[in-house]
Each structure stands twice: as structure tokens, then as C-alpha cells.
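There are two complexes below, and they share subunit A, which is joined by subunit B in the first and by subunit C in the second.
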Partner chain A sequence: MKAPMYSWQASLAFLLVIFPIVVFVTNVGVPGLAWPYSGFSGGLAIALVTLPAWFSGRLLKLWEAALCFVCAHGAAVLLLGGIRGHEGTAGPGYYLVLASAWLLAWRCVAILSEQRPLSRLASTALRLIIPAIFGAWILIIWEAVTRGAGIPFILLPPPSAIGARIASSLPVLGADVRQTIFKAVIFGYVVGSGTGFLVAIAADRVPFLRRGLLPIGNMVSALPIIGVAPIMVMWFGFDWQSKAAVVIIMTFFPMLVNTVAGLAASGHMERDLMRTYASGYWQTLLKLRLPAAAPFIFNALKINSTLALIGAIVAEFFGTPVVGMGFRISTEVGRMNIDMVWAEIAVAALAGSVFYGVVALVERAVTFWHPSVRGG
Partner chain B sequence: MDTFRDKLIPVTSILAGVVVLWYVMAVILNTPFQRDLDRRAGETHTLSEFIGKTLAQPKPTLPAPHQVAVNFFENTFLRPVTSNRSLVYNAWVTLSSTLLGFAFGTALGIIIAVGIVHVATLDRSLMPWIIASQTIPILAVAPMIIVVLAAVGITGLVPKAMISTYLSFFPVTVGMVKGLRSPEIMHLDLMHTYNASRAQTFWKLRVPASVPFLFTSMKVAVAASLVGAIVGELPTGAVAGIGAKLLAGAYYSQSIDIWSALVAGSVVAALLVMVVGIAGRIVDRAMGGRPA
Partner chain C sequence: MTGTSPAVVAASKLGLTFQTNDGPVQALSNVDLTIGKGEFVSFIGPSGCGKTTLLRVIADLEKPTSGTISVNGMTAEQAREKRAYGYVFQAAALFPWRTIERNVGLPLEIMGLSKAEQAQRIKRTLDLVNLRGFEKKYPWQLSGGMQQRASIARALAFDADLLLMDEPFGALDEIVRDHLNEQLLELWGRTNKTICFVTHSIPEAVYLSTRIVVMSPRPGRVSDIIESTLPKQRPLDIRETPEFLAIAARVRDGLRAGHSYDD
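Moving on to the complex of A and B:
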């Protein structure tokens, strides 16, 4: 029989919990000791993180990954339950159990990322599960450390408090999203990208314009355009119009530069073919050059989706009516309601991802012929 | 390929067009206020006098280009550099945190990229988050970082530099991962036939191949880093820096000050990008690259 291959993560996880085990065993029955040295949940958590070290290398890889997954997360749940009511009192045992649970999660992810499944469904699932475990552990460690070390609430609230805050202030967050995203961002995004697109078509028609606008557009993209925000607030007032103006200016140039580059992307061969078909400028534009430019245009739309949110939020730092995501962030920071700020940031992150995701989905639908979508 | 001279005439004529348009807009936008002033003073002017006055208001809606230029020149060259109204001083304050953040961000980005390229677990678990994080409006975190760090007693350069670091490490990470993976299978196989170790492959093949990618992404990163530093100066009403100038201008409606701070920011951005570009070209040449 082959000697089992011990994984270093599981072995290290075991080494880390030796100290808590010793303390636990020697103190059995002594009440009032800090977690995990007493009680059922501490013992169970220690047992859970030691378990995979025993089985490491003796099981099928996938079973080992499942075991690590269950043990790591079970220990994490017990850990977070154990610290409730004893915030700020965590000793070394607490962190050792946390560290070894994290190592097991790493082991699980390491096994999973070695897998090269044949079916498409399984590989998609793996592509989602692996980052999900990673993200979950960032939250677990954040929660465990802020609560365990009793980090002051205004410094860094634990994720659970942020979640509670989101749940309890949904109307306020909804109003902010409506003001910032549905009014300022969407209007500015559509108008800015639209004008950028039209100017790019004009610039493509007139070579003089193209030669002049492209270097300027490239240079402008490096400038801190966000600085026009106070001017726009001065011109268009405090309401959403000024934010939309900032968004228009920020989204215009990326669209211009990318569309011009995209219109040059169709090959000579294809253009010659269109000529032999005796197609005019507009036919060539609509049937050949715009579809060929689509990947570039969508690239600009994706860049702009982030820029638009940033523009609208930062512009609100310069003055708004009493609603809006940027307004909420800057005032709640001043009032030291850091959990509300985090809630707003979480909403902004979610909105940004959804926005980007929608653009990416439309891109897949429109540029279905492109090699990067067909997956080669 | 457009040569420099091919571009020169179109670029200058479009810039000239922008300046002319700017003057026209300045007259149009400043007219209502000037008419109001004249009516109150009971004065009437000829058209040319009236236009002259719209271009010389102390707090115009849109300052004329020459007003901005004069203000910029005065605040840049005529004031002592130590004065807190000097643009050189304010630009330096912003620039120092930009550079500190940029240096940290680049280093962090490179380290993460090396980790992602060499550790499969990191590639599968961290990379999706790095890409996802580019879709969220990170700048929204800026005020919180500043205020929270100030509550712990950390003020001044470091919090602003942290925002710059945060903004600049994403482009570097993504660019470097691409760059370190850019050697073709052929080249990697060649290193294999030489029996090169992982470290040797890394230093002799991957690193040289990634240099062009590094400088391209550093150009993006340095611009992002400057934006981070400027926005970092907004929320606390920082005393100095380009962002502070913008905020002060916005509070007191000093539109000319805002515009000249904006020009200063643009000059700094253009210089930074240029410096990175030149450094990239020097490194490229030192490594034996030839102009294509």
C-alpha cells in the first residue's frame, strides 16, 4: 500500500490546533474559560479542523475537498457562534482555530482548482464555486477578526452589522439609488456614449477630424476629468442634471476613441468585397464596419459603466439635494455612521456589477460571432 | 500610419476651434449676469464694450481662456512656492501622495500578478475578484478611508496615498498577468529544453516579455493614481492640494480658481503619463528593443 500523501495545508492546520487541543484536554470541566477551551462548540470546532489531517491523502480527491469544505465551514460557524457575546475577548486559541479552518478552505480550493472536468456544466460550476469560497472566506475572516479583537465599530464594522444596516434602511438606499443611478447615471451614460458614438462616425467620415480628435481624445483619457464636477454643479445646480453632465463628459471620450479604433478594424479584403457588391458608404457602414467595430464599442460601454457611477458619486461630494449615494456617503462619514457608509458602498458595488453584467450580456448576444464569445 | 506632422495641423486647428468656441460660450454664458449688473448700475454699453465686460468678470459663469491663463500664470510663477495659494505648492502636495500611492500600487500589483501566474489556486480564486472589483465604483470608498484613518490618528499623506494605491494596483495586476503569460508555448518549450528552472524561466523569459505590458498599464495606473489623490482631498476639506483648491473654489464660487486648478491637474497628469512613457521607451531601448 502506498503511503498517504499529506497535504501541507491539512498538516499545518493540524499543527496549529495542537495548542488549543492541549489546553482543551487539560482544562476539561473548568467553567468560564474563553472559547474554544470550554464547552461543546469549542471542542467540536477543534475536532472538525483536526479531522481532515487524518484523512488527507487517503481519500479520493473530491471526497477530501468535500470533507475540507464541510469541516472548514462548520468550524467557522461554530467560531462565529462562540464569540457572540464575548466580543473583544478572543485569545490565541480562537485565532489558531480560525487560521486552521482557513487553511482547510484553501486546501479545498486547491483541490478544486486542480480539477479539469470534461463536462461544460461542471467547469462552469467550478468557475463559480472557487471564487465564491474565496469571497466567503474574506467575509468570514473579516467578521471573525473584527468581532474577536473587538475592533471599534467606527473603524471597521463586521459584515453582519453592514448586512443588518442594509436590511433596516432599504427605503433610504432605494431613494439614493433612484436619485443617483436612475436619474443621473443612466441619462448621462446614454447621452455621453451616444454623442461619443455619433462624433466617432463623423470623425471617421472626415479624416481631418479623425487625425485631430484622436490624439486629443487619447490625451483627455489620462486627465482627471472628475475635476469638472464643481463647475458642472455651479452651472446646472445641485440636482441630478449637474451629475448627468459630469457623466456625459466622462463617458464621451472613451466611446469616441474606441469607436474610431473599431471602425478601422474591418479588413481590406472585406471592404473590397463590399465594393465589388457596389455597396455605398452607409451600406458598408451598417453591414460591415459597425458589426466589426462592435467588440470595441462594447469595450467602451463596459469602461463607461464604471466611469459613469464614479462620476455621479464623486460629483455629489460637491453638493446635492439631501438624497443620493455620494451625498449619503459624505454625510454619514461626517456623522461617523460607518456602517451606513459600508451599506451604501455595498449597494454601489452591486449596482456597478449589475450594470457591467447587463452590458456584458448584451455584448454576448450582439457579438455572438466573435471568437472571444464562441470560445474557440 | 499618421506621422507627427500629419497630426500637427488637424490637432492645432481643432484646439484653436475649441478656444474660439470657448470664447463664444463665455460671452453667451456670462451675458445674463452682465446685463443684470448693467441694469442695476443704469449703464448702457456698445456691443464691443459689453463683450469686453463679459470676458472680465471677477466670478464669471465660464471664465474666458485668457482669464484662466493669467490666473494660472500668476499662481504658478509669480507666487513664492511656499505660499499655500501657489499652484506649484498645491500640485506638489497632490503629486507627492500620487507618487507614493503609485509606487505602492505598482509594487503590490506586480507581486499579486506574480502570485497569480505561479499559484493555480490564486489564479482561480483571486483573479475573478480582481476583475469584478474593476466594475465597482471604488472611489466611493475614498471619504471613508480618509475619515476613519483620521479617527485613528493617521492623517496627511498616507490615507490619500492609500486611495491612490487602491486605484493603481488593478491595472498593473491585470496588465502584468497578461504580460507574464505572454510568452508563447514555443518559447516556454525552448526554456524547457534548456532545462531551465522555474526561477530562470521567470527572470529570463517571463519578466522581459512582460515589460511592455507593465509600462502600458503603468500609464493607466499613474493617471488613476492622480485621480485618487485628488478625490482623496475632497471629503475632509484638506488644507492643500489640487482637490482642496477645487473644493475651496466651489465653496466660494471662485470659478477662475477652479479652472486653473483643473489646468494644473491636467498638466500634472500629462507630465506623469509622459514620464512613464519616456521611462518605458528608455527601458525598452536598454533591453535591445528596436523601433518597429
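Moving on to the complex of A and C:
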């Protein structure tokens, strides 16, 4: 005797698909109509989005999620297949089917987000599946809208074209990553963060450095990278060394400031405790103040991981050998090869996320004791 | 008072004035005090009476501005550098990145003892405060009472004869506090250490001490010193005896006298 519990996503999806159904049924067999009225695949897509929209309230939550998942993505595949070769011809039916499929995917993610899985495996899987569906739909809508509306390639290429470009330019992209990330970024990041750390400790130890250097460091952080990069190219040449120099300048200051703040983070009681043990400066530093500063230091490392990438890419706009991510972006824009620009952006985003992720994982392992990590 | 034993702490005409933005504040003035070996001395008084400051002067965490202080016959600074005392703070102040055994081993590491010596002392002191089995836990996995016991173990680990405790049980609930008071007395009886104990609880002071130093504020000074007549063996229910209540009444009178000119 249970009344079906309809979600608003499923209800709205159903309302949106009524119009395509009516048009489809009244025009069966009429030739020359645009997708989804043109044949079997359009009809199947309409049926696929109607099915879960109709049944969703009557099923167990997990079955509903599974049904929404299968039908939404099935409809998306049919929809993207249907528009291929007919770019720019999409009518209201196309967008209505797209919108209902998207709502069903939303419903699926909403159900999955409510789940409180008991096993670690299931919770890990959920942590991966939910953002995966989310990301997939950003790409699906991007692809469907750029193709459906026939958006000019120069303005915004569809993700499939960017993907194809990545696949066909792997050697070039690989060389660019080697030049920009493995040479300039890594070197600059290590040296910049390292010197920032060492100078922070020196400033902590020597009062005149603290008084004199920190304000100057403030000024360095305000240097415009656009202005510094060409000067570094003059000083250190066209190759990766000048880009590493820009990265060093950019990463130095966040590390300096955060480490100085971190060294002040240990409590009075803890420092008094070390004093009662007649602990020397270096022992107190190693056993108390640096561990207490670790959360601050990792904060700087995370900030720097993205800053370093930006710095190196922007610096390459000001002169570089004919390789490198920034060089590629600036020249391919000039040649209207926008898909290559997007390919570099995608690779940079991926590399940046991996870089950040690795630092974040090390942080979790080192500062396991911090309330923000152990959760409480 | 055990007048014949050598003085562990001797203060004479001790004064300390803090320079603050609102002008000088006299935290201690004219404190004369001698603490003999094996005594359990409590410092009691309202906040601002300088009891914690006095303990910090003994520990060389503050420098007196007048008078003299000696600890174990040395200056306070020499005594600190010789690790003459263990200090227990108001909070456990355990390092969250170290396990309990490595927290207890911290002073031993700083003193540069061998690993084997460290392990042996850690084991012995953890047994002393009944924390066996928690060696590998982190401080945040333990209750407040257990954390404070671990911090006492840390102060005991390097075998200093003097234990300075600054309201160590102030943040704990009364049940845990009673239990730890009992354990502390037992520990004191077994180790024959000299203990200086800051508290603002009259029953706690009377239950634990051989001598109670009553202090009063503005300026911080010693207003009375009360010898306890209680025996060394003290079960918890000694707190209902007339003798205990008489001492507590004297302490209360002393506190009131120190306050009498206050509005």
C-alpha cells in the first residue's frame, strides 16, 4: 500500500520528455525530420529517458539509481551518435531529451550521495563513482551543446575533438610536459620551496633577518610575474633555466611566510616543557616546532604545486626553445589550432591535479595527528 | 616540618614584578620559603596570588626581579640545566605526533640516553602511573585523565627528585581527580620525591600535603603556612575526619584573612 515516491528530478524529466514523445508518435514514418524524430535511435533514446522517469518512485533506491544510470547514459550515447554529421541542426526535441537524461543522471548521483556504505570498499567506490558521473556529464553536455548548436570550432571545440587531438599528438605533448614540468616546474618547485623553508628557519634564528628580510619578502611576492619573466629570460637564457627561475621566485614566498607562521604555531606550554628539559634550540626545533609547523608547510607545498605550473607556463610566453606547454599554447593560438590549446590545457590540468594529489597524500601521511586529518 | 633534611627549594625575599602595558604588576613580593626533601607542599590561593608564578620561578621559567632562590643548592637556572625537576602543566601538553611511549621518552631523548635505557625507563614509569598497554596509542586516543597520567609519567621518566605540578588535575572531573590524587599520594610514598603542587581546591591541598602554603593577591605573597597533622597513609575517607576538616577550616581562614582588605 505504499504510494510511489517521486523525486523532483524524475518528475521534471518526465514532463520534459512528453513533448518529444507526442511529436515522435504523431510523425512516425515522416522522412527528413531531425533527431530524435528521425528513426530508431531517437525513439529508443526517448523510451530510455521515459522508462526511469516513470518507474523511479516505485523501485528500491539502489535499483532506481542503477536504472537511472543505465538509461541516462544510454540516451546520451544515442543522442551524441544521432547528432554526428548533423551538427548545428538540433531542435527542441534534442535539448529536451538531453535535459531529461541529465536530470536522471542527477537523480542517480543524488541517490548515491545519500548512501552511507558500511564497508570501506563500497565507500571508496562511491567516492570515485560520484565525481566520475558528475565529470562525465560536464563532458556530455559540453559535447552535446557544441555539436547540437554547431558552435564554431574556434570558440569551443567539443571534448571529443580535444580527445582526438590529444591522442594524435602524444609525442608533442610528451615533449612539452618533459620540458615544462619535469625540468622547469620540478626544479623550480624544489629549489623555491627549499630556499623558502631554509630562509624561514634562518629568519627565526637570526632576529635581524626576521626584521629586515620578511618585509622585503613581502615585496618579492608582489612582483608581477609578467614583468619578471622576460628579465629572467635575459638573465638565464631561453631554455628551461629561466622558467625555473620564475618558478623559484613564485614559490619562495608562500613557503617563507607559511613556515614562519608555522614555527610560531607551537604552544607556550609545549615550549616551556622543552625548556624544563634544558633542550637546545635545534632539539626544540626538530622535536617540537617543525612537527607543529608541518600543517603550515604542507599548505605552502600545496599552494606552490599549482603556482609553479602557472609560473612555468606563463614564463614560456616570453621566449623559449620550440618546445614547452606555454610555447605550444602561444603558437597554436596564433595558428588557430584551438583544439591543440585545449589539449595542452587538459594535460596541464591533469598534471597539476596529480602533482597536488601527491602532495596531499604525503601530507595525510605526515600530519596524520592533526585534527583536520584524523577528523575530530 | 622535616627541618633537619637539606633544603630542596630555598627562597628568600623573593619578588617578581611584570612590566605590562598597564604599568608594573607585582606578581610576587617578599616570599620566604624553605622546602625540605620528601615534603609534599601545596600552594593555594585565589587567581592572581602568584602561586603559578612562584612555581615557574622555581622551575626557572620566570626570572625573579629581587631576592634569591636556590634549588638543590644551585641557582634555579643551573638546576634547570641539570634537569633537577619534572614539571607537570595544567594541560597534558603531549605531542600529538608521538605515541605515548615516545612522549614519555621525549626528555630521555633530549638527555641523549641509549635506546635500551630509554625503553627500560619508559616501561618503568608507565607502570608507575598504570598506563601499561597504552604505549603505542596516540594522546588523542586517550581520555583526559589518562593523558594527564602520561604527562606525569613523562615528568617522572628522568628520575628528578623534585616534581613541580601546576594544577595538574584542574581540568578533570571530580571522580577522575579523586582517583589521581590517591595514585599521586601512593606514588609519592613509594618514590620519596619532593612535590610542589599548585591547586585552588582546599580538599585537594589538605588531602595531599604535608604543608600548605596559603597565598593572597595584590601583591602576590605568602600569607600563611599550615603544617598538616595527618598521617602519611591517607585513605580517601580521611576527608571526613574532624582532623581533616580542622585543617581545611584553617586553610579557609587563611584564605579569608589574605582577602580581608579586599572589597
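As a convention for this text, the second predicted complex is superposed on the first by the 353 of 376 C-alpha atoms of A that agree within 3 Å, B and C clash if a C-alpha of one lies under 4 Å from a C-alpha of the other, contacts with A are read in each partner's own complex, and residues count from 1 in each chain.
Operating definition for what follows: a contact is a pair of C-beta atoms (placed from the backbone, for glycine too) under 8 Å apart; a residue touches a chain by one contact, two chains touch by 3 or more.
Just so you know, these numbers come straight off a predicted model, no measurement behind them.
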**Request:** After lining both complexes up on subunit A, report clash or fit for subunit B versus subunit C.
**Result:** fit
**Request:** Quick one: classify A:291 as touching subunit B (first), subunit C (second), both or neither.
**Result:** second
**Request:** Check the contacts made with subunit A and report whether subunit B or subunit C touches more of its residues.
**Result:** B
**Asked** Now for A:106: first (subunit B), second (subunit C), both, or neither, which partner does it touch?
**Response** first
**Request:** With the two complexes superposed on chain A, say which partner A:370 touches: subunit B (first), subunit C (second), both, or neither.
**Result:** second
**Request:** Report for A:269: first if it touches subunit B alone, second if subunit C alone, otherwise both or neither.
**Result:** second
**Message:** Is A:40 touching anything from subunit B or subunit C once the two structures are fitted on A? First, second, both or neither.
**Reply:** neither
**Message:** Quick check for you: in the superposed arrangement, does A:282 touch first (subunit B), second (subunit C), both or neither?
**Reply:** neither
**Complete:** Min C-alpha distance subunit B to subunit C after superposition on A, in Å, is 12
**Asked** Residues on subunit A in contact with subunit B in one complex and with subunit C in the other?
**Response** none
**Request:** Give every residue of subunit B touching subunit A within the complex, in rising order.
**Result:** 2, 6-7, 10-11, 13-15, 29, 61-62, 120-121, 123-126, 128-129, 132, 134-141, 143-144, 147-148, 151-152, 219, 223, 226-227, 230-231, 234-235, 242, 246-247, 249-250, 253, 255, 258-259, 261-262, 265-266, 269-270, 273
**Request:** Enumerate the contact residues on subunit A facing subunit B in the complex.
**Result:** 106, 109-110, 112-114, 126-127, 130-131, 133-135, 154-156, 208-213, 215-216, 219, 221-224, 226-231, 233-235, 305-306, 309-310, 313-314, 317-319, 325-326, 329-330, 333-334, 336, 338, 341-342, 344-345, 348-349, 352-353, 355-357
**Touching residues (chain side subunit C, partner subunit A) in the complex** = 59-61, 80-83, 85-87, 89-91, 93, 95-97, 106-107, 109-111, 138, 140
**Asked** Touching subunit C in the complex: which residues of subunit A?
**Response** 267, 269-270, 272-279, 283, 287-288, 291, 294, 367-370, 374, 376
